[in-house]
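The letters A, B, C and D name the chains in turn, as written, and every chain counts its residues from 1.
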């Protein structure tokens, strides 16, 4: 059985493990103020083209999301997000747990538009009873989205300008950011993202690390006392060095992008195979998640040798499923899967 | 200018004020353990046909809603409600403020069905990643709904049974409960409601009192330490007697129902006038809120002498608006409005 | 049995009831934007000598406290208060319910000093692990304190300056503010308080109103969107006019001070009687709460005709108790009590 | 410079790293349902002598503490703890962040007694205004305490029985549990702890792991839906296997105890050296943390070659400091330190 179910089925890229072993006996202070964290921060700032950014390392995505969001919002404010946004559906109400409503916008492909944000904002402030409603306080997007789709540079720019004008900080969840930047369809670099958002994070867990997300705070107004927020929310790792070592390794010799390119290119070969077989695609993804719509009998046959995720029933005879590739996906596994698809 | 904008534009029914004056110098202990509260509780229990119910008096509806909801749910649970439910749209995120998500169901008329609840429940538990999603923990309905509509006895029974089977406490927001029970279209008595919900409240603010909502806890499992919940949420009135006096008066000689009948019957006359004029109705309400769809020029003319609420634009030339009646609405005001409608 | 147990055993000053009756049929908009609220706001601003202050009316003290506090603090901050402060002991964890720690300072008489605040602040920031501790974010005092004691003008000034220098908003809980200002020992006027705090409230519930606290926000930085905070916390009264009417009446012809003076002067007569009888006083109060230390047999005899509050056992044979006077306390009741004390 | 500042200055015991490398390419499902977690759970249950316990793996101590505590308490309840308890002083208000007050008991050595718990409980329920105060809902202790001290079997038994009788779940924070069990002064085994608490955790971060705490829920009433709690609080590691692998390794061939014994025995040699030098000890610790009271000039000399933690100023000329040993502390480093102490 080969697992294509998600992008966190193995440990970590071997260079990371190697680095952890090499440094194992070095003594460092705790809580992220060690030399490895410092070095990783410096490399990330450089990669972002933003020497003044604050960089913090958190353990996981849910934690990063609610820590950032609750750091920004006042008690009566909510965060605008796509209905399908990770914070809205798959974090067990962690954002609400910090007291804030997720204000949802409908979305076909996981993306939201500047026009949608403008409309929600205006509707709020136009309403004479606006004080009886949650005030929009910031905007959350994920890139790539939960559906593997990507914002274009133009789209992100319009969103960012819309947000700026309305004093709504724009937060980009980059749990799979590498796969977005490395995609053949990408029009956004890491520098673009750093200049078109107020705060974002660079996902490690799903892009080669054991765990870890690097939160990059670009907007100076959002920086104050963020370390308190991390500790308050149980996210300050005692051996913070572990996060530093991982991101330092990922941002050395472009490992982060190499890992992502590997996964993306295998995913595109899979996509091509699905298309050549005549399958529809639930979302037109150019990143490491692919969403073919399979005839149910084909799906069952494939399920004997491969594990993948159920996404949704499309009709009585077809099901959308998700295949993920990652740093650890082997070319031969993908080739074998393609062959098996062709033979269905 | 005559105000039909809402049902809380005046003070209180004169019998309430009279009673407050008569008792003004009586010395009582604070916090709702006085003789007036006791008497009101006894009368409410009798009216509900439920001698074992716990009855607590809170000041307002938002407070009653989030206090009840946060008393029932565990941190990772949410409350199922109609998208248009008051807790979802008009309480500035008070429920989320206590850490809980509102799990919304689409609704055309403000009501939700047992089938919808079953589906949401099943979808949750069927999902292999259910622990990553907010767990449905209870159901919230309002009766009458925010659209003036009513649950039938059959509908409420099916909802209640659905909830019982799934261990989901059913909570009925009765901010306008009197107008529902007194409606000519009602198939539910107060006793029915007490036997087909786990907890509900009898609205005073909008039905003749200065303020106050009587929370009735029927399910013994939900009773424990509710007074702590009230105090914890800032809802324990020092001079609790004020709530006791008001509800004691409302539940003496059926004042609560008389007040509601007065408003309902005036609203039905208004409704008839709208219909005879050929206006559509946004919702088919048999309670004190009426939602005619007015041609915009008619709306503007009426707005010169009457104040009413904007509801929504229906098309370029028509607008749905809301007219409310209350205990204080004068017959002559309604007659004059009807005449003005006829003359448009 | 005559009740001296607390200062909220009766209804309201008759002028308030009269005004509520007179205005009962006037139609007003809800939620505190009516003419009575406006008029009351204007009078309070004048009385405070601060034309730019924001004035909001809330229903009760616990609600006012946690709404103000959670409006000011960021998630990882706490509020500095005396160990005996109302928010720390008698609000069922309402402040913690909003996510914030109460950082307590020891206090003999209910007051805290500027030196204590400075020390706590310095200890926090001096500690190398300060991010692991709750950050002091504001200071809460009550005036009069829960023990009936008063800050002098010098003390308040030093506190305020200490707070300003450290960017710690100073919040004064004035649940019994009238009794403080009207005290023969007072060195603080309402204007002084408005110029030596950032936000405070003028208590109505315990000083002649049915209920209600007028929150006065002096510091412009604390004003933004406070109405959202009120609604979010369930404190926005639908018939907000009721609060406006009460405070408008209290701030007409100095009723608020007359009510307080009446109570204070009766309390001072009681105090004198206790002292002449040779009883110790647990706190040296010049306001409407008096705390004599009674021999237990005397206490038991008095308890047959009077109700008062147990405060604490002082030794095996003596108990500190609390007697309160209020707007409603009758001179003859006090005279009779004094006579009974003398005859013990 | 040799660091004795804390017990998390290095990476992890080499056997853990080795195991992580060996398993790096094995594909497993995420979120803690993999074979390594299952194996670790089984070993921990066996070591606890409790086949029915639920075992969950969390990343850090603060996270474990507030997740367990907020899982147990209702909104108006608080957790009883020593004033010096980690949750009260060094978690940036994480417990309050979940809405709950920490109800503190004074403590000289970090321990609390059954008698203190009984008194606080009785005082709460005896008070007629108990609904105005936070209700005690559970008890938190740490073992070893933050001061390195240990509960005896008799003390823990009395605490547990006291808690049981009052329906207060007893929660033991075992961030340094290994060092307690392995101590020469210990009268408690892991089995004892599992039978004398309701829920506890076995600390990994400070006892040889990279990170991780194993929460053991013994009381069936506390087990329900704890995985939702973990996810809701951002504590569910995507690559949960990392926690399983670590605890599986630690509970193979008694590695956990061997690691702890190593640190404890070195600490006892240090303790002896301090005592022989004539230094006082701030706490009489038999575990890996030692708290000598050093003359300030000696302290400064030692600080040139060793790093250790400032604890508190004892008088003008003496300072209490903390030295920690760990799995990674080298015997030669301790011997050198002892020699340097002798030569002072």
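FYI, a residue touches a chain if its C-beta (ideal position, glycine included) is under 8 Å from a C-beta of that chain, and two chains touch if they have at least 3 such contacts.
Quick caveat: nothing in here was measured; it's all calculated off a predicted structure.
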| item | value |
| --- | --- |
| Chain whose Cα centroid lies at the greatest distance from that of chain D | B |
| Pair with more cross-chain C-beta pairs in contact, given B-D and A-B | A-B |
| Chain B and chain C: spacing of chain centres that average the CA atoms, whole Å | 34 |
| Where chain B and chain D are represented by their mean Cα positions, the distance between them in whole Å | 50 |
| Chain A and chain B: spacing of chain centres that average the CA atoms, whole Å | 42 |
| Multi-partner residues of chain C (each touching 2 or more other chains) | 75-76, 91-93, 97-99, 131-132, 135, 228, 231-232, 236 |
| List of chain C residues in touch with chain D within their complex | 75-78, 89-93, 96-102, 128-129, 131-135, 310 |
| Contact set on chain B toward chain C in their complex | 2-3, 5-6, 8-12, 14, 17, 20-21, 23-30, 59-63, 66-67, 91-94, 97, 205-206, 210-211, 228, 231-239, 241-242, 328 |
| Contacting residues of chain C [partner chain A, same complex] | 31, 70-71, 74-76, 98-99, 131-132, 135, 225, 227-229, 231-232, 236 |
